[in-house]
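Here the structure is laid out as structure tokens; the discussion comes afterwards.
We call the chains A, B, C and D, going by the order they appear; numbering starts again at 1 in every chain.
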Amino acid sequence: MRLEPDTGDVAFRLRAREWLAENVPRERPPHEGRPSRDHATAWLARCHKAGWSGLAWPEAHGGQGLSPERLLIWYEEYVRARAPSALDCTFVALNHAGPTLIACGTEAQKSFHLPRILEGRSIWCQGFSEPGAGSDLASLRTFGRIEGDHLVVNGQKIWSSYADIADYQELLIRTEPGSRRHKGLSWVICDMNLPGITVRPIRNMAGVSHFAEVFYDNVRIPLSCVVGAVNDGWSVAMTTLAFERRTAAIALQLELSVKIEDVIALAGAVKGSATAERLADLRAEAAALRAMTYRTLLRPPATPFDGSLMRLVFAELAQRIHQAAIDILGPDALVNGPWTHDYLESYSETIAGGTAEIQRNIIAERILGLPREATG
Amino acid sequence: MRLEPDTGDVAFRLRAREWLAENVPRERPPHEGRPSRDHATAWLARCHKAGWSGLAWPEAHGGQGLSPERLLIWYEEYVRARAPSALDCTFVALNHAGPTLIACGTEAQKSFHLPRILEGRSIWCQGFSEPGAGSDLASLRTFGRIEGDHLVVNGQKIWSSYADIADYQELLIRTEPGSRRHKGLSWVICDMNLPGITVRPIRNMAGVSHFAEVFYDNVRIPLSCVVGAVNDGWSVAMTTLAFERRTAAIALQLELSVKIEDVIALAGAVKGSATAERLADLRAEAAALRAMTYRTLLRPPATPFDGSLMRLVFAELAQRIHQAAIDILGPDALVNGPWTHDYLESYSETIAGGTAEIQRNIIAERILGLPREATG
Amino acid sequence: MTFDLTLSEDQRQILDAAHAMLETNYPVERFRDGRAAAPGTALAEFGAFTLALPEEDGGAGFTIVEEALLHEAIGRHLAGPFSLASPLAVRMALMAGETGLAASIAAGRTAVCAGVDTAHGALLLEPKGAAHAVIVSDEGIRMTALDGIELVTETPMGHGQPLGRARLPSPGGTDERFPVLVPLASLLVSAQLLGVARGALELAVSYAGVREQFGRRIGSFQAIKHHCANMATGIEMLSAQRDMAAIALRDRRPDAAFQIAALARLAPRIAVLNARLCIQIHGGIGFSAEADAHLYLKHAHVLAALVPASDLLSLPAPLAPTGKE
Amino acid sequence: MTFDLTLSEDQRQILDAAHAMLETNYPVERFRDGRAAAPGTALAEFGAFTLALPEEDGGAGFTIVEEALLHEAIGRHLAGPFSLASPLAVRMALMAGETGLAASIAAGRTAVCAGVDTAHGALLLEPKGAAHAVIVSDEGIRMTALDGIELVTETPMGHGQPLGRARLPSPGGTDERFPVLVPLASLLVSAQLLGVARGALELAVSYAGVREQFGRRIGSFQAIKHHCANMATGIEMLSAQRDMAAIALRDRRPDAAFQIAALARLAPRIAVLNARLCIQIHGGIGFSAEADAHLYLKHAHVLAALVPASDLLSLPAPLAPTGKE
């Protein structure tokens, strides 16, 4: 067990710090729509030009192939410099679609899409959840009928972030008639400009529309857009699990260590006061979350489900840090300042990507081996 | 909605206060065994002599027939005077067995047992739980076979408080062969001196033995000891639910309002400190528990299951008040002083009489009407 | 019985009437179909702002116990903070001898908004059209005319109900701060928070009873059940304490300040927690602005800002022990 | 890789050996069959008290990282507080130049107990037979000879492990208080608390997997599952932070004090919570002294008392922001 930066690591950290200090945009990024896309793609293009795009991607595919320690160093400097949230409209492309294509895509798919993603020229959204299947992906019903060399897709997706400004969607649909659960699904690259697609943005409780519903009315997608084999979509969807520990989620986790410092500064709490004690607890937990982030990258997971531990700790800590900020602000929190906005956004942490309740079930059943629930 | 003591109420309060000031024993009662029995029965006998026994029992059965307001006044004065905990070895007789006999007993049963209970001459224990059926009474297996005019009982009970020093037990057993769930049970008065009964005290985590296991090896109980009809024991067990709101549990609930004052005095916390804020929260909750206690006595319940709300709030508040005391004591809490002892005892609050988890299920299903759980 | 916590026939009638009036004029759906800014006139016409005033002051002759029951219903319908400001404003106008103003507010002709002092000026909640503001501060409650006051519009939490910021004239002596109204303000705002907490539970329970996931209604999952049970216990504590505090204040009992302070300490926490759990139980749709869940949360925060400060630990406890150490 | 958080082959071996030794000499069942007061000799023979000392001081040449790993295992077996006091005592003896004493403690010939200063004298934990006590106080750690000290026996929490109270001589200057050992003491006691937390989880999970109620194994109920999941997340946080803090202290990194203080803040809370949940999951038997659940709780309280005070908020944070406001 060691955390011993060599001279290369130290130089890398300084280089990252200097570049970020000079290049991080000073303004708070727009929350939604075209302005948010323009801001995010401009920032990614700038990163790409300086060699900071696709950090965890293999060099063979245009990435930087950073080692785990360099990834940690980069993201630590990234959040300390208050660079734009990694969870912007480029997130899905860089951290999910790209790695999936690298793992399972054809040469044609890779050579077309990967450069566009890295340079911020194409934005992707996810098309997994459906209205009847929030956290239960196995019950997907959106269907793609094979007609010649096309899939004809009908159905509906929901909670598709940035679908209104995306160029492509990673679409998980049922393609085998009568199939059930995880079988008979396909993972498809869906061009969002195809006829028959309707996007309806959903305003969230923070007043921002980055989610959307997407409706598919006889949308014809060439079979060449299927990634991996037809009807083998579940295993394609699972391949990115291995990449998951190296995504920009690292930035979100480390960012809480910066956020808690901001709350501590905001509070200026007297030693021993209830607020000071509360903030000390949160500071300790943010430190532990950082330690967990290190562990995630620097030690093989004990089970494939360890991500649920991270997800749960992160989600609840993010909420509690923002709750503390709101309480400290008092009545001023009624004004929609950055803390208030982020507080409201933090409500999604225990919902999106599997609710906190589902993470607890996974931890109990898959990590601890408790008996599965009775199904009625 | 009114809480307007009339002159009779005021005089009653003063009389109670004066009597308690002169008569409450100054020493902390012994925790277990014969000394605890002797202490409890001496105190009850003294109460009885002065007309303070069987407060909620009908006058026709030797009780005081107190109105709800007088009960509240009495118990408020009782806890303020730091009178012995109502949850001593006389509790089951006064608050459960007695009321059950009044509701369902024969004249012979009543005339024999009720005076003994009121005067502290006989101690009762409960025989409901079994090793395989902690919170699940419907799965009882201890069996009483009818032989002539006797029941021949074989089986085992557990968590029977004070069984080692009790004269009688309220015993709920299966008497109809092959019966299931709530059917085929009988409610029986069991003389604890009968041959074939073995009592094994169970030491609890506070180091005290007031629980016991009871083993029945061909114990012959006269059929005349069955209360209500044979095989109708479940409905007998349910009759006391109506009495439940008027038991000495009132004292336990109100006592938390005294305990939190003691913790506040113990802490001497600086205003605004984390400890002060924590204690203010607990004080507010103790006030609310008192308000709930008033409501329970002075308003008909909305459902027969409202007791679970009280039980849950009480249990968790009792634990949190004791946890606060322990934290305030710091290392001195390692010494088994009264706070430490009571802290350890408080762990039973969310377990005994239906765990906190079961209370939450009852609240959700029976009060809120959420769908029953799938059973696997 | 000298003690009785059941609703009297009168109380039941006034509550039934209030619920009907609120359901008609302030259905929670109004936030979705653009009727969010329902005027205060329906409440005024109902007599909500003068319910507990004597008949000679134009009131209905009820007591603050009934008023506290009414404010739970008002809170449940997420009526704007004007509903809290107006009955306080009527009282302040009367106490200041301005009977004409009192009558005008009572009748809904003069609109009053609520506000709270902050380090950066007073924050006014839904100030549009209001002629006066009722301001809660650490020193007490006061009323200020808004005539000629410059109002800076602020974006409210989650783009909810409008907010304005204003530099208001500093209050004069104690008589302009009406400390006598502070306990009443605490009682009414806490009662509204109770209504919010109850509304959030009802919404959560009804959703959990129909929404299916993994082939089952989500309300059959223990985790959801236990969230709901926790919401219910909070409501039980808060509503019992509301009754205790309202009666103590009405009857000028010596423990009134204690009971009110305990109530005010519980109310914001329970309302925010229930709203949070309601969102969580709804899952994705709960995080959207399309379901109503988020409205309860924002409303809980608005009301929480209007709870006057109190120091519960400094007050004598009604059950302070008498006996041996 | 310059960064690596996997166990080295050496670390794995020492841990395997430690587990085997502890399982033989300190099985948790010993509390039930009367072997509770297992002597410290097995630990001494294992070299537990000198694991991280250089070989010239009679140590095994490992580092405090391995020592922290070992103390998790020790905590999991609920070894007495002597196991914490002894490695600190060896170091204090060496620092004071008393090499004979150090060797004697290291070999298990001289017994050392742990203790904590209180307002009513020092509280000594399992003092029987101990020649010296290692005392934790707000000012630091110190060692005191118990020769000639009068010990008043105190009844311990829940009639657990023996306790004594003593008036000890006041410590002299800083050099007698060994402030340099405070971070190490925090690390080791926190690691033991982690072991307690993990033992409580393992006990709870194994019980929940077999105990049946309502016709099902209780581990299939979501409420029980979620209790266990909460225990697991606490352990994950605590063990990750333990590694971070141990490495920082070993390598004298500038953030060592911060990492240790964060660890010490988390450890008692998580250990007590896990023990509490373990009792709750056991139901009635968990509240009895017959199951092991309560042992974890009492042990957590004992260790929590031995965590040196620290002020996390006063320390600079390693991820303090560098960028724009």
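As a working rule, a residue touches a chain if its C-beta (ideal position, glycine included) is under 8 Å from a C-beta of that chain, and two chains touch if they have at least 3 such contacts.
Fair warning: this is a prediction, and the values are worked out from it, not measured in the lab.
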**Maximum centroid distance from chain A, chain identifier (CA atoms)** = B
**Asked** If you tally the C-beta contacts, which comes out ahead, B-C or A-C?
**Response** B-C
**Asked** Where the centres are mean C-alpha positions, what is the separation of chain C from chain D, in Å?
**Response** 50
**Prompt:** Rounded to the nearest whole Å, what is the centre-to-centre distance of chain A and chain C, using the mean of the C-alpha atoms as each centre?
**Reply:** 39
**Complete:** Taking each chain's centre as the mean of its CA atoms, chain A sits from chain B at a distance in Å of 53
**Item:** Per-residue multi-chain contacts in chain A, two or more chains
**Value:** 276, 357, 360, 373-376
**Message:** Give me the residue numbers in chain D that touch at least two other chains, ranges are fine.
**Reply:** 216, 220-224, 226
**Complex contact set, residues of chain A against chain B** = 270, 272-274, 276-278, 373-376
**Message:** Please output the residues of chain A touching chain D within their complex, sorted ascending.
**Reply:** 1-6, 9, 17, 20-21, 24, 26, 67-69, 72, 76-77, 79-83, 254, 257-258, 261-262, 264, 269, 271, 276, 279-281, 283-285, 287-292, 294-295, 297-300, 309-310, 312-313, 357, 359-361, 363-365, 367-374
**Item:** Residues of chain D touching chain B in the complex
**Value:** 116-120, 123, 125, 154-160, 163, 165, 212-216, 220-221, 223-224, 276, 279-280, 283-284, 286-290, 293-294, 297-298, 301-302, 305
**Item:** chain B residues touching chain D - in the complex, by the definition given at the top
**Value:** 129, 132-136, 139, 158-159, 202-207, 211, 326, 330-336, 340-341, 344, 347-348, 350-352, 355-357, 360, 375-376
**Item:** Residue ranges of chain D touching chain A (in the complex, touch as defined)
**Value:** 1-8, 11, 65, 201, 205, 208-209, 216-217, 219-222, 224-226, 228-230, 232-233, 236-238, 240-241, 243-244, 246-248, 251, 253, 258-259, 261-263, 265-266, 269, 311-314, 317-324
